[in-house]
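Look for chain A in each of the two complexes below; its partner is chain B in the first and chain C in the second.
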Partner chain A sequence: MTDTVLPVEHHAAGRSLGQDAWIRLRRNRAAVASAIVLLLLALAGIVGPWLTPHSYDRIYPQYVRAPASLEAYPKEEAILPAFESALTRARVQIGEVEVSGSTVRAPVSDGEALDPRIVRYIDRSDLFSNARLEDADGNPLAEGASEGVMVADVQRLRFLFGTDANGRDLLSRILIGIRISLAIGVLASAMALLLGVTYGAIAGYLGGRVDNLMMRVVDILYSLPFIFFVILLVVFFGRSFVLIFIAIGCTEWLDMARIVRGQTLTIKRQEYVQAAEALGVSDAGIVRRHIIPNALGPVVVFVTLLVPKAILLESLLSFLGLGVQEPLTSLGLLIAEGASNMRGAAWLLIYPAVTLTAILFALNFLGDGLRDALDPKDR
Partner chain B sequence: MDKQSILEVRGLNVEFETNDGVVHAVKGIDLDVKPGEAVAIVGESGSGKSQTTMAMMGLLASNGRARGSARYRGQELIGLSERKLNRVRGEKITMIFQEPMTSLDPLYRIGRQIAEPLIHHRGMSAKAARARVIELLDLVGIPNPERRVDSYPHEMSGGQRQRVMIAMALANDPDVLIADEPTTALDVTIQAQILALLAELQQKLGMAIVFITHDLGIVRRFADRVYVMRSGEVVEEGATETLFGAPKHPYTKMLLAAEPTGRKAAPPAEAQVLLEGRDVEVVFAAGGGWFSRSAGEVRAVDHISVALRQGQTIGIVGESGSGKSTLGRALLRLLPSEGTVRFVGQDISDADKRAMRPLRKELQLVFQDPFGSLSPRMTVGQVVTEGLKVHEPSLPARERDRRAVEALKEVGLDPAMRNRYPHEFSGGQRQRIAIARAMILKPKVVVLDEPTSALDRSVQKQIVDLLRDLQKAHDLSYLFISHDLAVVRAMADHIIVMRQGKIVEEGPTEAIFDNPQEPYTQALMAAAIDGTPFREGVVEA
Partner chain C sequence: MFAYVLRRFAGAVPTLFIIVTIAFFMIRLAPGGPFDLERPLDPLIMANLERAFNFDKPLWQQYLIYLGNLAQGDLGPSFTRRDFTVMDLFRTGLPVSIQIGGMALSIALVVGVFLGALAALRQNTWVDYMVVGTATFGITIPTFVIAPLLSLFFGVMMGWLPAGGWGTWQHMVLPIATLALPQIAIIARLTRGATIEALRSNHVRTARAYGLPNYVVVGVHALRAAILPVVSYLGPTAAALLTGSVVVETIFGIPGIGRYFVQGALGRDYTLVMGTVVVIACFVIVFNLIVDILYAWLDPRVRYD
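Our next item is the complex of A and B:
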């Protein structure tokens, strides 16, 4: 034997290509920032809807198209007239109305004994709750008294992003929209990934007739118009959430299959695949252990670009009314609604659009960062 | 000899900014080139020999930095503006590169590519440039220059493309021609022709040539003066005669002694025939598709018979395209072929993948490119044990690991490195890993497909020694495929010379080397082994 044991410069544990790429990715500030933004948005989409005080489908008829505001609703100046107009309906004399904190009070009097049922006029309004009649000391009004104080709690609601044309809180709806859009993006991409990688790797590796046949099938599917395909699906199966990501996944895997097939064709010629063949490794083993891991670099990059594409497609479908159903919503649907209310209520368009743009930007930057990190030329 | 230096390099440093810190590729070297002189820069891969000239020409990669001084006729080149530099490079100093396949643009006719610098630098008219191009093509020995001037690069052979590259470099009558491994990618006979052409042109035109190479054989026959470089430094310089006659630096001595030596004795005549191919024929269909029959066919291996005995090494020699690798793969049943192939008497001609699987253990293959033959996503341990998983699936992980350690030790690698990934190893180490992968299965026959061609000379010798030791230890039979005659001579006891899919000549190593019968074999031997210098200008291009 040759007794020279060759030394290697660095003796720490080996660094795989993946780890190398990870280190390069961490150096890319835009990619790291994008990853953080995405993480935060995803977190907001997952836990946000539980934390907001409003449910995404709760309708506040009083606050239709309330503009975005940091202040709580109802506004100070809106309380008095509302309270007065509610009281007038009770047909009693009203004294000075005063608002203190979350209660509003007004002395009321009538020629005869005050009917305790007049509190209903107040409760009927969305603004007030727990209306009651009290005497001057704050005790419940004795029966038959003709003077007292009408007290009611004011429901103070915050709509940070305003409300939509039906009086639903936009923030909650955006949060649920993020959840739905990201879920569709990720699920559809996962489906495309699974189908496309398997199909492309098998077609590329087997080659010849099989490859030819499999790729012609892909070509035929390519030629189907996407919208037409979705409409067909919707007509047959009815609108549902699962259907949307199946529809998107079914069209997006075609690109993936082509990319993976191309990669496989080059990898197949690599000597390490031939070496595996010479070792007697089975076809399945070669595809699993050699072809797919080595094709994964471009695939990962493509996936990060596929997610925004799926989100955009979902937005398109929702915009056309083929996507998510009310009261559930998605960013695309919100933007569609915003667009139709653009003149009077710009916030309905701005907030969902900004959110979607942030997601798409972050995904694209991350994709770019990944591509640079995985690029072997940089090594 | 006391002429003024035309090119004068003093204290040149080249550094590269990489993710793992600054790499110091060239460490303050001095170089002189006198007019009309042939200077060789010799070194192994990574010695900084190419980067030295790249720095002079301002062609460093974007993360590279050059410091120091490089003067052409007194004009400083380092740090010169692009515009001024362009007046020197491409006109006074020109370069030719290793890869004639990639250094010509496939979209343009060669005439136009050569004419471009003429029109640009000299302001020649298109017509005058064309006349000059034809003259140049004639000068570099391209037959029918009037016709070939309108050829596309893909219509020419590798050697012809390299001639075109030389014509391009000569277009503006340069003072200095830098040739960066100009013959490495070419077959030996073509190599000899190109070197002869360069030598002839140098004498005719009186220019200086800076010849960058790793091949000492070429240097000896070509250069006046030699610089030996190692890891960015010049370790020795001197006139070719003195340097080769009395090398001073241990590294130079090592390089000179790196030619594989020794001969292999033939196995006893009664040794069992392990692998036998009779009338093996491999035909590749060219073109064709779904609806059309194939347009034509290429007969890569044309009725060849081989019989490999136990303990024997058959060397298969030939130039690129001669079908030697295809033959090796056909014998291992990795390619469909006609004819009979027997392994230890068993007919495996029609064995499919499944039937071959148990035999794969006995028939192994080692490839040329140690960078391509190891999957970059697997650790060395995984690479080496993959075969065990196929052939001894019941083996517990612990035992597999023990076998991997054993195999790595056997090929001279530290087994502690088995958790690392292939890209962390040098070329020689990777080739050892590839050998370990084959040896762990304890095969009977190993096909070695150019196992040393991608390696530096000194590493080549180590691998040859390793392969010989392994053969002795395990009584292996090798099919050694190579174009490198020096290595084949040291490894094989029987030689087959192939050309265009056919056997030209075959016989014991000594007979083939000492007394070749066929003219083709003679030409091959002359080109590879013959020590006559090119500079006397006797060889015709």
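Our next item is the complex of A and C:
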């Protein structure tokens, strides 16, 4: 991306390839910023769901599509009608409802003795908690009394990102979505890495007819449209978290295999390998000192570009309804839900879209930074 | 030339055959069938249905029947959309997808090549940085994020364009923009890189040494070389764009053919899935051929053999 070729000073002490790359990477401000953003997002995805007061699958029926707000819910004007409607459902006569601070009280009476179980009608509401019946002096109501005061605490809830169409906290859902999306991205890439490196290294190392055959198989798999392949896999084996990353990994290892094979083929014939051979270095030594470190650069770069690709693919699958299943969620699924609810509830689309975009940007910039740092041509 | 095209088409037949075979057996391996409903059908009705669609025959026989029909241009009836043959569905849906995809493709090609060449000619100026920055943006943000955001902003908030649907030219603006944006970004990046390289190449230096005016050097000699990677990128991309995008068609509610594969695979609409595979494969084959012909025309060193 940014093609700034940084001059590398040469110290007498000498630096390893890795140290060189690390220094170059640290000088790339976009890459460093991306790495920090990614770390923060990953942290949010890992720890965040435990820190939010709401569970990602907790439904608040009274707060369906509550707009994003820094203030706590319920809004002042919503308390009275909600309390009244809850009491009406309890089928008792209600007097004047008064709200003071965080408690609501209303005199209630019934033709017969008040049933203490009516507090459940209040507790059941998302707006109130700790409902109790008291007498005029604030003591618990005596058994069999037909008049009393219904007192309840107003439950203050914060929905910083609002709630979705089912009344679930969007922030918690986005956090769990980050966790799922990143996990699938990393696991699928690890799977592709394992498959691709093994396959490519074997093909490149053995060479000849075996190499030809192995690469022909890759070509054939390559010509199958990958999204179709994933869809068929998902359709075939059903939908589960494990299957999704296996399916993505199975489709994304082809490029890796090609890269590793190509690397192995070229490195095998390099002068420095021949020189090492001439100096009598063992095969294991050559592989360890020369082939692996030199093949690693493009592989690392490719992995960082593979993670956003895998995340995108998972999001696309979720978007199509083939990915993770409710109540679990991923960023793609949240965007799909947001897209169908965007009339009147734009935040449902905007927050997940911004989150996914931030992740993709950070990963891409980091990948570009790594490529600049590891690419031998830039030296 | 003509013989070359003929040879390529003859070579496409086995490719198509392999693709059809793999797709046929893969979709058949998937559990379930097109007549699975919430409530199981009466066994007698099921048996009749299976007989009517040859499902009672062994799989290899069904495969041969399908191949025979395909050779005659018959893609069979759709199982999920009763009363329609797969051919009917494509006859109504394909023009819609081609219209949107073709427009997006043309816009992406013109704008992308222009921006890329501009950035290359003004390398390391603010124009260059603007183009590269925007291109990064366009490549990174996926279609299923761009599409609803465009629909939200221009359709719902501003009310300038319909948020979805099909009918007038206004309905086509947002889907075309959604499809074109990432392609503009990729084409601009490709063109930029290739133009920078071409401007340094020997034949451009020679053209300059001849004293040719700048616009001839750039427009004829540099761009001709620079457009090669774009052309080879366009082959599969054109096929993908013209056969419809499931995301764009779902979000904007467009009656194209992009959704058929996913819907068909989920509903076990075997013939619809097979039909989509065949249509897409044909597009890919044709466009790869066009790319190869264009390549030879643009770069005289390439020969058809």
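Just so it is clear, the second predicted complex is superposed on the first by the 296 of 379 C-alpha atoms of A that agree within 3 Å, B and C clash if a C-alpha of one lies under 4 Å from a C-alpha of the other, contacts with A are read in each partner's own complex, and residues count from 1 in each chain.
In the analysis below, contacts are C-beta pairs under 8 Å (C-beta built on N, C-alpha and C of every residue); 3 or more make two chains touch, one makes a residue touch a chain.
It should be emphasised that the depicted structure is a prediction, and the values quoted were computed from it without experimental measurement.
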Chain B versus chain C as contact partner of A:N130, first or second or both or neither: neither
Which superposed partner A:S16 touches (first chain B, second chain C, both, neither): first
Touched partner set for A:N212, first chain B, second chain C, both or neither: first
Contacts of A:N294 with chain B and chain C, given as first, second, both or neither: first
Common interface residues of chain A - those touching chain B in one complex and chain C in the other: 1
Residues of chain A touching chain C in the complex: 1, 220, 223-225, 228, 231-232, 235-236, 308, 312, 315-316, 319-320, 322, 332, 335-336, 338-339, 342-343, 346, 349-350, 353, 356-357, 360-361, 364
For the chain A and chain B complex, residues of the former touching the latter: 1-8, 10-11, 13-18, 23-24, 27, 212, 270-272, 274-283, 285, 289-290, 293-294, 378-379
Chain B residues touching chain A - in the complex, by the definition given at the top: 19, 290, 332, 334, 353, 356-358, 360-361, 363-365, 367-369, 372-380, 383, 386-387, 390-391, 410, 412-414, 416-417, 419-421, 423-426, 428-429, 432, 434, 437, 441, 462, 465-466, 469, 473
In the complex with chain A, residue positions of chain C that touch it: 15, 18-19, 22, 26-27, 29-31, 132, 136, 139-142, 144-145, 147-149, 151-152, 156-157, 163, 246-247, 250-251, 261-262, 265-266, 277, 280
